[in-house]
Amino acid sequence: MPKLASSGFVQGAGFLAACVLLWEVAVRLLGVREFLFPAPSTIIMEILNYPGFFARNALYTLLVTLVGFAIALSLGVALAVGIVYSRLLENTLYSLLVALNSIPKVALAPLFVIWLGTEMAPKIAIAVTIAIFAIVVDTVLGLRSVDPETLNMARAARANEWQILRKIRFPSALPSLFAGMKVAISFALVGALVGEFVAGSQGLGHAILLAQGMFDTPRVFASIVILGLMGTILFYLVDALERYMLPWHASHRGARMAM
Amino acid sequence: MPKLASSGFVQGAGFLAACVLLWEVAVRLLGVREFLFPAPSTIIMEILNYPGFFARNALYTLLVTLVGFAIALSLGVALAVGIVYSRLLENTLYSLLVALNSIPKVALAPLFVIWLGTEMAPKIAIAVTIAIFAIVVDTVLGLRSVDPETLNMARAARANEWQILRKIRFPSALPSLFAGMKVAISFALVGALVGEFVAGSQGLGHAILLAQGMFDTPRVFASIVILGLMGTILFYLVDALERYMLPWHASHRGARMAM
Amino acid sequence: DDDLSVLLDFAPWGLHAGVHLAAEKGWFKEQGLNVNVRDGRGSVSTIQLVGVGEADVGMAQLGPMATAREKSGIPLKSIAGWVRKGDLAAVVDKTAGISTIADLKGKKLALFAASPFLPFLDTFLKAGGLTRDDVNLLYVEPSAMMTTYTSGQADGVLTAGPYGQALAERDRPASLVLAEQAGISYPSYGYFSTESVIEGKEDILRRFLATQTRAFQYIYDGHVDEAVAAIISQRADLKLNPEILKSQIELYRPFFTTPNTEGKPFGWQSEDDWASTIKSMVEAGVLGDGFKPQDFYTNAFIGE
Amino acid sequence: MQPILEVRNVGKVYGSAPSGVEALRSIDLEVRPQEFLSIVGPSGCGKSTLLKCVAGLEAITSGTIRVRGEDISGPPSQMGIVFQRDLLLDWRTILENVLVISEFRGTRTDELEAKAAELLVRFGLGDFQRRYPWELSGGMRQRAAICRAILDNPELLLMDEPFGALDAMTRDDLNLELARLWQETRKTVVFITHGIQEAVFLSDRVAMMARNPGRIVDIFEIDLPRPRTLKMRDSAEFSAIVHRIRERFADIGAISTE
Amino acid sequence: MQPILEVRNVGKVYGSAPSGVEALRSIDLEVRPQEFLSIVGPSGCGKSTLLKCVAGLEAITSGTIRVRGEDISGPPSQMGIVFQRDLLLDWRTILENVLVISEFRGTRTDELEAKAAELLVRFGLGDFQRRYPWELSGGMRQRAAICRAILDNPELLLMDEPFGALDAMTRDDLNLELARLWQETRKTVVFITHGIQEAVFLSDRVAMMARNPGRIVDIFEIDLPRPRTLKMRDSAEFSAIVHRIRERFADIGAISTE
């Protein structure tokens, strides 16, 4: 199954266009109340009318997302390594992480505000706590799935654990880590948004709240659409990075092979 | 590294106990105000005083979580299969899923109520939408990571795609799928909770909202602690299922081998 | 029996006493009504849901309802105004010696981004000779608002005054600097419906509101405790705090009448009040030009 | 007699210029029904590639391949294949691994299970039916892979160095087993090996490949009588053929040519 | 002279009773410095297991293993090992794969890279240095694995059927290469093979193992002169030794004993 990137893009764009059209028609024909669910044309007009406003807030949310993602990535990989090497960490920190991940961050809003204020810190913290989980779980799987004989090969050469980690476990965990990253980048965005709901005066989350207070549904949906676009773009950036970095992996070899 | 399950349990429990103790001492010594962050003893008393209340709400949330998880699992695996086999689905549904995952469900609250009412449906829907993402991403990775030569072996026997899927791709994707399930079960719980924030009158999420409205911090934290416990238990149930079902996988072989 | 669905603004609190007491006392039955009361998830969501017909009657702040009427084009109309005096206020420490808007200079004030207070903020501050730069605004989640105040992170909270005051009482007693000081007239909690419901269920609404006027009259005639008990009994098992409920009801007492509604039954709204509300709202930019008071309310269901 | 397998002027290039590898160039080969054909050639000359092309698993760059008179489009029916790597499935026991192909074909029955168990015993894996692949030695895994390929009695059997990981004795045993199987069932076999003795012992013809690019340089007819016995290997006739092939092999050169 | 490697009464059971497999029983073996020792034995007799135990990669169940007079606890230093599977790293090119061990040892230099490239040329992989493992044929992968093991000039070299996937010619070439290497550098080599000829050609001694349980049944001294040439293989003396070993092998039986 030869897959052409360009045809993929055309398909994706076509599908998107079809969805938007369907939505527009549905809103107009079925008389869905704009007040709850505005037509795409309304939303697009809203964005075109206030490009600066949306750009500014989207950039802020993007910044929080990226910083949160970067922290989640580094911290998550470090944690995963710790968990794979230490039964103690697995029994303690891992379980704690699992428990923390089950707690809705919004319920802890007061604590976040009190401990971290209302600037960027609480938002980044929430983005990190939401994004880190997938990274840890997937990286742990990846680090553990190394072929035992390959480990033997390295051990026979008296590679120390650090070398084994860097040169064997880590590269072979990369496909798994990337799967974790794809989930995490998406959740980092959600986390940034939840963070903006919890506190702060910038970003798309704040814009949504303000607009909700004013019953400005077009603006709410414009923000939501921008969020969806941002999430998609971030996801496919990670995907592209994966294709670029892991040409050797079975899931990408097809692209380089005749069949 | 021989790992004994029982010693692991002891370590985990010990760590938990240590955390709780530290928390209690910190609250008492530092005079943290109870309305912000109550001591564990307060929280435990709260749970012991209203066991029926917490049990009922926890059960409700658990039910939503499990139903949401089950739907996310079946739908997610089906979607992943579609994505792996069809470039069209990959370019359309996958991207749509990515976009949907980036949207804060809370911002769509009124739509959920109108489309799905205030009973269990909207909560299950939110749990599904949050949980499905990790399942899809990890299953896609797993299905794609099959050794190309092994696929050739099956193709040479004129196995049809359905057989290849069932007997080759799916079993070899299981480790990855389980990683996705671990992330998903945790997020299904969060999703159930977010659903309860959006609408309805049962569950721990509802209990948290009410308690916040009444400034009843012990109850908020009691609910949070129960959530954390539920999340941990659900996670380790999936983990146990994995160990039981995948004894052949490199990450579990250690348990059955001398070294 | 005639069915009527009522969607409240939020999780149970003091002002829900009206419906719960009526239910408890069997007054709905007396009127041949079968009233289904549901809790809501904030004024905004309640207004939207009533607007699209998810419930017949909503309870919410009437100011935002007016905004929603313009934005949605759905003819929402208030059918009873309970808290007729504006309750927007800065909730501040009782002991901090803050009594005027000017005293807020340099203070840290928490508020919710979707709060109806926000559009009035400039007008409010200006009345004390201040601008936004003179205060430190903390936008936080509603659940974190009062905690930021009680924990000392913020010096005050911009919210529905008595509501916040009641919550703060136990940990950091508060007093109010009312937005009214700045000439802002912004009606608070009341019942509303769409015009189509108002026409279609006129008789049912009349009977329903009769129970409500009676309920609030009864409550403020010295039966606050009974009202609290009714809320708790109707929402059994939620471990509602009777003290907070009680102080919410009591703190709202003075807000049930304005000079223009003096002597009128509870729920009755004055044209003059609405006229100045419209003026305030237009100034704040939350309402366009060309609205008349009658667009937003009707006293048709409240006996003189 | 119509050949069961015809390879006409087949070329195969992996990847694309300039970094592409020309693995096969103008290969011509016919395999008659019930024939046992071996392919020998230096490492990397394209033996496995040719086998995969014939099996319909690799697209060819030029030429045609026909099986039973028809251009192939994908793996032909009634074909069994042993790959160079054992490719056992980690999550199945050895017995279940052997049976997997019959599951694909929908021919799995209790009878076949019994036959599989018996086959495993014949291949010295009787005690290991319920073990997982990683509990077996390299040679045992390879034997299991052979069992998997022949269980269903395919008409056309393609084998890529099936005995590579086996000691001489086991190999002899399996050579005999394979010769007997062939004698009994008269399958068509295409057999890749690096053992010239083995090739001569088993085959009707031996095709020799050279590399850079991969091509067939010679085909030797082996006129030894059938059925063959291990003792025949000591005969002068046998040695002469082996010697001739070795000479030719030395001509085309192994590593040093590169 | 003190043996570089002493194996005393070593036993190894995989898993635990009742389903455990006794892979080795009371193995006794001494390898002298600079000796070339081959191990032959039927498939599944425990050759790989023994090698892994000696390499410190598998825990032994009983007995002791000493390298240079010291009980081993983990892989000894100055050891190179070629596994039965090639175990190349998918994400590294062939050249980078060959160099990975020097990275572990911290000995990677530009010089060593040049040496690695040269080694690859000698093993017929000159054109494939920048390719990934999956672009190579089975034999080529195995050769790359051999290059990886010997690049760093280990004092003790353990090889598990390194030439299993190679054709006779390439194998001969590499046999010569290995003999020359050994002659030059005088490494100690423990060499598992299923080629008896090969074992005789290369070794000072040949140990023969039998299975169920895995044990050493005989050790043959090979008194042929050094350096050895391919021609020697045609000598009567050589044939006699090979024949003797084959006989013995037939005694212990291959598959049929099971």
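Quick notes
Residue numbering begins at 1 within each chain, and the chains themselves are lettered A, B, C, D and E in the order written.
One rule holds for everything that comes next: contacts are C-beta pairs under 8 Å (C-beta built on N, C-alpha and C of every residue); 3 or more make two chains touch, one makes a residue touch a chain.
All values reported here derive from a predicted model rather than from experimental measurement.
Each step here moves to a touching chain, and the least such steps from chain A to chain E number 1. If you take chain B and chain C together, the chains in touch with both are A. Inter-chain contacts peak for the pair A-B. Rounded to a multiple of 5, the C-alpha superposition of chain A onto chain B involves a rotation of 180 degrees.
Greatest centre-to-centre distance from chain E is found for C, with centres as Cα means. With centres defined as mean CA coordinates, chain C is found 39 Å away from chain A.
Once the centre of each chain is set as its mean CA position, chain B and chain D turn out to be 49 Å apart.
The mean-CA centres of chain C and chain E are about 86 angstrom from one another, to the nearest whole unit.
With centres taken as mean Cα positions, chain B sits 17 Å from chain A. Among the residues of chain D, those in touch with two or more other chains are 14-15, 85, 134. Residue positions of chain A with contacts to 2 or more other chains are 36, 106-107, 110, 114, 147-148, 197, 212, 249, 253.
Residue positions 48, 52, 143, 147, 151 of chain C are each in touch with at least two other chains. On the chain E side of its complex with chain A, the touching residues are 52, 55-57, 74-75, 77, 79-81, 83, 85, 87, 89-91, 100-101, 103-105, 132, 134.
Chain A makes touch with chain C in their complex at residues 33-36, 106-107, 109-110, 112-114, 118, 197-201, 206, 209-210, 212-217. Contacts from chain A toward chain B in the complex involve residues 1, 3, 7-9, 11-12, 15-16, 19, 36-37, 87-88, 90-92, 95-96, 98-104, 106-108, 110-111, 114, 133-134, 137-138, 140-141, 144-148, 175-176, 178-179, 182-183, 186-187, 189-190, 193-194, 197, 205, 208, 212, 220, 223-224, 227-232, 234-236, 249-251, 253.
Contacts from chain E toward chain D in the complex involve residues 14-15, 21, 40-44, 46-49, 84-85, 123-124, 126-127, 135-140, 143, 161, 164-174, 194-196, 246, 249-250, 253-256, 258.
Considering their complex, residues 147, 149-150, 152-160, 163, 167-168, 171-172, 174, 246, 248-249, 253 of chain B touch chain D.
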